[in-house]
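Both complexes shown next keep chain A, but they swap its partner, so chain B is in the first and chain C is in the second.
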Partner chain A sequence: MPSNVSAPATGERRHRRSLAGHIERVLPRLVVAPSLGVALFFVYGYMLWTFLLSLTNSRMLPQYDFVGFAQYARLFANERWHVAATNLVVFGGLFIVSCLVIGLLLAVFLDQRIRQEGALRTVYLYPMALSLIVTGVVWRWLLNPGLGIQAMVRGWGFEDFTFNWLVDSDMAIYTLVIAAVWQASGFVMALFLAGLRSIDDSLFQAAALDGASLPRIYTRIVLPSLRPVVFSAVMILAHIAIKSFDLVMALTGGGPGYATDLPATFMYAHTFTRGQIGLGSASAIMMLCGVLAILVPYLYSELRGQRHG
Partner chain B sequence: MKTIHALAAGALLAAAVGQANAAEIEVLHWWTSGGEAKAANLLKEKLEAKGHTWKDFAVAGGAGDSAMTVLKSRAISGNPPAVAQIKGPLIKEWGDMGFLGNIDKAAEADGWDDFLPEEIAAADKVDGHYAAVPVNIHRINWIWANPEVLEDSGVDHVPQTWDEFFDAADKIREAGYIPLAHGGQPWQDATVFEVVMMGIGGGDFYRKAFVDLDPEALTSDTMIKALKTFKKLRGTMDDNIAGRDWNIATSMVINGKAAMQIMGDWAKGEFTAAGMTPGEDYECVAPPMTESMFSYNTDSLAMFDVDDEGKQQAQLDLASIVLSKDFQVQFNQAKGSIPVRLDVSLDDFDACAKASREAFDVAMDEDALVPSLAHGMAVSDSQQGAVFDVITNFFNDPDMKAETASERLVSAVRAAE
Partner chain C sequence: MANMVRRHTTSARLWRAGLYTLLIVAALVYLLPLVVMLLTSLKPLDDIRAGGLLSLPSTISFEAWSKAWSSACTGMRCDGMSGYFLNSIAIVVPAVAISSFVGALNGYVLTKWRFRGANLCFALLLFGCFVPFQVVLMPMARTLGWLGLASSTSGLVLVHVVYGIAFTTLFFRNYYVSIPDEMIAAAKLDGAGFWRIFWRILLPVSGPIITVTVIWQFTQIWNDFLFGVSFAGFDSQPVTVALNNMVNTSTGVKEYNVDMAAAMIAALPTLVVYVLAGKYFVRGLTAGSVKG
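Right, the complex of A and B next:
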């Protein structure tokens, strides 16, 4: 506290100083307060409202006849919701694992002090700069059997070549994985590359002196020290997977049928176009629960880490 | 300056003479594409000629989905527009929630009951009072065909039964064309299905299945047969239908890549824009077994409850303009539909519109006039969505049996109630 530390001064000066100190203490809170209020209201307030709506039988407009958890029962009896939830598991799982593997491999290869590393890094990172809508549209063209890859290979003379996942309701979900992995693995690569660069060179040298082979150095020394990076990457990718909406809209439109529906597109369709706000809110709350299931263990481990540190 | 004064004075005078109250009304609509926008502008001009001000509130996209979302958010915030384009059973839903006004005055003054088809007028009433004004009638059950492609394939006429259709499809395929142009979007799948189903089942069956959503009809043999025929149509389309817009499919017929398309009469606009004449460059024919049937899709303008007397007057004026004979002719020519007034002559319309009116009259007599489910005229939007889900999934899943689909229809519809 400035007033305590300062040498004795005239009453007026002292008063001014303490006022300045007061402002110094209060100002940051004042500045932060509006955004905190806004966040509380617009994020947590609306979460609460969505939860309330999920307990009502609201249809076209919100109304407040509470029906308990009936909307959740309807949700879990809904065929389309099961498709959406299963799709999320398939899409999310494959997306996260593929991004990690591809990102790590790219990072390790780039880390071999190759020429033009900067240019290559940019090439791999660029997809992340695109909007998911653009990614979706481009891949829709590439995967369209009559326009894209299939047509091209057939044009080369391989008449029997078939690659029609986009129009096959069993395989369409994997087209989402392809496009999303293409978009995000460069970003994961950048994360890993930063992690690799932070590993001390002397570790490599010491291991090499002890006669360890390069693969062994990577599996025994480098990968374990990248654990925190893997963790952050999984967090970010899991978010992208659960929130995925624009990619689905642009690439498949949820089709064929509703074969590539994800919880986010399910929620939008029911809340906003089908006049089933109650059911849509219930699905939104289930999505929130999905995010929390990932976020809570993460926060827990983070906070525990801080206590130890 | 002088002209402005003169205009202002003229407007004032017109307002004073015409009616005491002139006001600004906001009109929410989704008439945004070429011909539609022209049609909407016509309405605006006519309303402003009466001294009112038209505040345009156009929301493009999604066959009105986006417009409905905007309307809901405006209504929740207590500030709905004075007039909004709303369709089918949704009018009743808005009315039951107490949002809509009453325009019986205009209806009585102009004698709407004398010239509006009863079934269509009923959808615009809430508790027996007019709350909305119908604008036009679209016919859904149409096949748009390219005669050159048919001729080249050795098919001499557009098929009249489904057996004939599949025979013709084989020939067209052999000749190197796509028999049926289609876009793989849920509403387009449902459009084709309802056309197949009403041909096979007839008007009464259609109403039981798709208006009353009667479980017995939904699981009947007729329904199974319709589902099977519908699925068989998948083989007459190309592989690239996923997500294709309807107008892209229409352009395949126009360019001679495909022989036919099943689509409502707004498709005519695409042919007209390509400089083609009905009966010569392209044909419009009823799909198999639906010649005397008419599946309709009507646009309506619903009037919201407003306190201001001027606005009420503007709503009444707008309603009578919409149903005036000359507006009906001009608007529907621009939009591709037919007038909703039965006493308007179609002499100036093209051959397809004339055929549409004839089919309408026949269908009214034979009780085969049915509301289109695919276009939101038959059931609530949650039930419509449930039907879409099952139909489009069945169509795209090669392994799903017709029996399974019909059972799923029943459970999906029940879940959406």
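Right, the complex of A and C next:
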């Protein structure tokens, strides 16, 4: 390092200072450069790479004989992909709506000067700290017809009680919804509660003075002002739904059969266990398109909102 | 908020009673899985077959816990969760430390040393928060192979650092934005340079955001399954992968109490962090998800 040179001449010192100044000027860029490089390679480069793989005939190992969009054609003709995509719509839709409704209700109720609010909040939110694998393992136990909730209720004397969705291929997808809502609804509650707390008190008092009833205040004043929260909650939940993998693996394993396959498990199975890398890559690209389809409108409205103040 | 007009009428009192009942019932529903998991892990197998989900154990036994820890079978091997638990620690500690430090530096540069294109740079980094990881799995598997890191703990550390930077940068950037630029300008006038300002001015006030970031990263990486199952070898599997293997191992009698004890073991670290530092956990969740 130049600063270790002892007793430099004046001219040399000036030169050194400008060198130091130069380093100082580029230093910030140097510090960020590795992260940017990492992102360019490991995120954008890989996206391109996977896209290229999706245009090839790769099976057990990646190879680069391009076959155009043949894998996408195969994908859309694939029965199992149809099941996975339909499941995502059903699972995602129910998951998002249930989380929003439960989260909003809990937040509004908690916002009524409740004693022990902190403790209740902690209880509603703790599942979010758990691994989805743990969630899946626990719910698989609860939903196990022989020893779980069904057996418990039958033990109470309701002999005909049936709750065997886990092993019913038409209903198994709803067990995913139950477990996922249990895990994430407390988080939505926290988002809404933060939104409610940021609403100006005076708005409330003015409306109350005007004689508006409580439900009316909520539907007319509070809910509209929570719109941005709903918007970001939907985006986060949709994102969670598209990426859902762990929960399926631990709760249903995609079964019975492939009744509870989601795109994420479809992609994993074809890429890593069925030796269909080309097809798996095409499904990964479709998942990316799904994320972009929710992300782009979101970012667009965010930016527009900022511009308009 | 919710400054309700307080009327001490019967209907108002009924409404309060209903409100509390509802909230408490909801709390019980949220708690049920955890309670069942704990109860089951403490029961002998006979109790599980005889009693219901919520029946109390006839004798409290930690046998299932000790078996889950040291001798239960996960796939081919039967030495419990302990090794995988340590694997997770070996992955989490360096990955959290490196990604948090890099995120702090990025956040510092992107707010206090803004250069042309800094915004674009941030936007490019930020997309890493949204990319579905399925898109990177196959290329990453190839890259780890070329680097000689396939199936290794170091490989998993690399993966978690690479995809954690987007979040840590977001956290630190949003925190440092609110620190007045005048402080930095004054320090610059006093001759403080890039590193000095970072160590002496920014870091000392970064306590809360460091806590938020470390907790967020810890929870994310500890709970990761996708990267673990895709890239880990037999000797580097994290605890989530081991748990899933154990539960899906179908040799001999299914020991539900051992499964539940194993699930508790996998869940305890993040649960403890949540109970001790819930405030920071929630802040990470909301900051990490409600954009910048």
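Just so it is clear, the second predicted complex is superposed on the first by the 284 of 309 C-alpha atoms of A that agree within 3 Å, B and C clash if a C-alpha of one lies under 4 Å from a C-alpha of the other, contacts with A are read in each partner's own complex, and residues count from 1 in each chain.
The rule is short, and it goes like this: contacts are C-beta pairs under 8 Å (C-beta built on N, C-alpha and C of every residue); 3 or more make two chains touch, one makes a residue touch a chain.
Predicted model only: the values in this text are computed from it and were never measured.
Chemist: Now for A:Leu125: first (chain B), second (chain C), both, or neither, which partner does it touch?
Modeler: It touches chain C, and chain B stays clear.
Chemist: If you stack the two complexes on chain A, which partner ends up touching A:Gly257: first (chain B), second (chain C), both, or neither?
Modeler: After superposition on chain A, A:Gly257 lies in contact with chain B alone.
Chemist: Where does A:Gly103 make contact in the superposed view: on chain B (first), on chain C (second), on both, or on neither?
Modeler: neither
Chemist: Tell me the contact category for A:Gly278 with respect to chain B and chain C: first, second, both or neither.
Modeler: neither
Chemist: So in the superposed three-chain picture, is A:Ala194 touching just chain B, just chain C, both, or none of them (first/second/both/neither)?
Modeler: Once the two structures are laid over each other on A, A:Ala194 reaches chain C alone.
Chemist: Counting touched residues of chain A, say whether chain B or chain C comes out ahead.
Modeler: The partner with more contacted residues on chain A is C.
Chemist: Could you look at A:Gly92 and tell me whether it touches chain B, chain C, both or neither (first, second, both, neither)?
Modeler: So A:Gly92 meets neither chain B nor chain C here.
Chemist: Which holds for A:Leu147: it touches chain B only (first), chain C only (second), both, or neither?
Modeler: Both partners.
Chemist: Once the shared chain is lined up, is A:Pro62 touching chain B (first), chain C (second), both, or neither of them?
Modeler: The answer is both, since A:Pro62 touches chain B and chain C.
Chemist: Both chain B and chain C contact which residues of chain A?
Modeler: Correct list for chain A: 62, 140, 147, 253, 272.
Chemist: Which residues, counting only chain C, touch chain A once they are in their complex?
Modeler: Touch residues, chain C against chain A: 1-5, 19-20, 22-24, 26-27, 30-34, 36-37, 40, 48-49, 52-54, 102, 105-106, 109-110, 113, 115, 121, 124-125, 127-128, 130-140, 142, 162-163, 165-166, 169, 193-194, 219, 222-223, 225-226, 229-230, 240, 243-244, 247-248, 256, 259-260, 263, 266-267, 270-271, 273-275, 278, 281-282, 285-286, 289-291.
Chemist: In the complex, go through chain B and note every residue touching chain A.
Modeler: 62, 65, 68-69, 72, 75-76, 93, 97, 184-186, 238-243, 380-382, 384-385, 389, 392-397, 408, 411-412, 415-416
Chemist: Note which residues of chain A are touching chain C in the complex, please.
Modeler: By the definition above, chain A touches chain C via 24, 27-29, 31-32, 34-36, 38-40, 42-47, 49-50, 53, 62, 106, 109-114, 120, 122-142, 147-149, 151-152, 155-156, 182, 186-187, 190-191, 194, 196-197, 199, 201, 204-205, 208, 214, 232, 236, 239, 242-243, 245-246, 249-250, 253, 263-264, 267-268, 271-272, 277, 280-281, 283-285, 287-288, 290-291, 295, 302.
Chemist: Quick one: in the complex, what on chain A touches chain B?
Modeler: 59-62, 74, 77-80, 140, 144-147, 164, 166-167, 169, 252-253, 255-259, 269-270, 272-276
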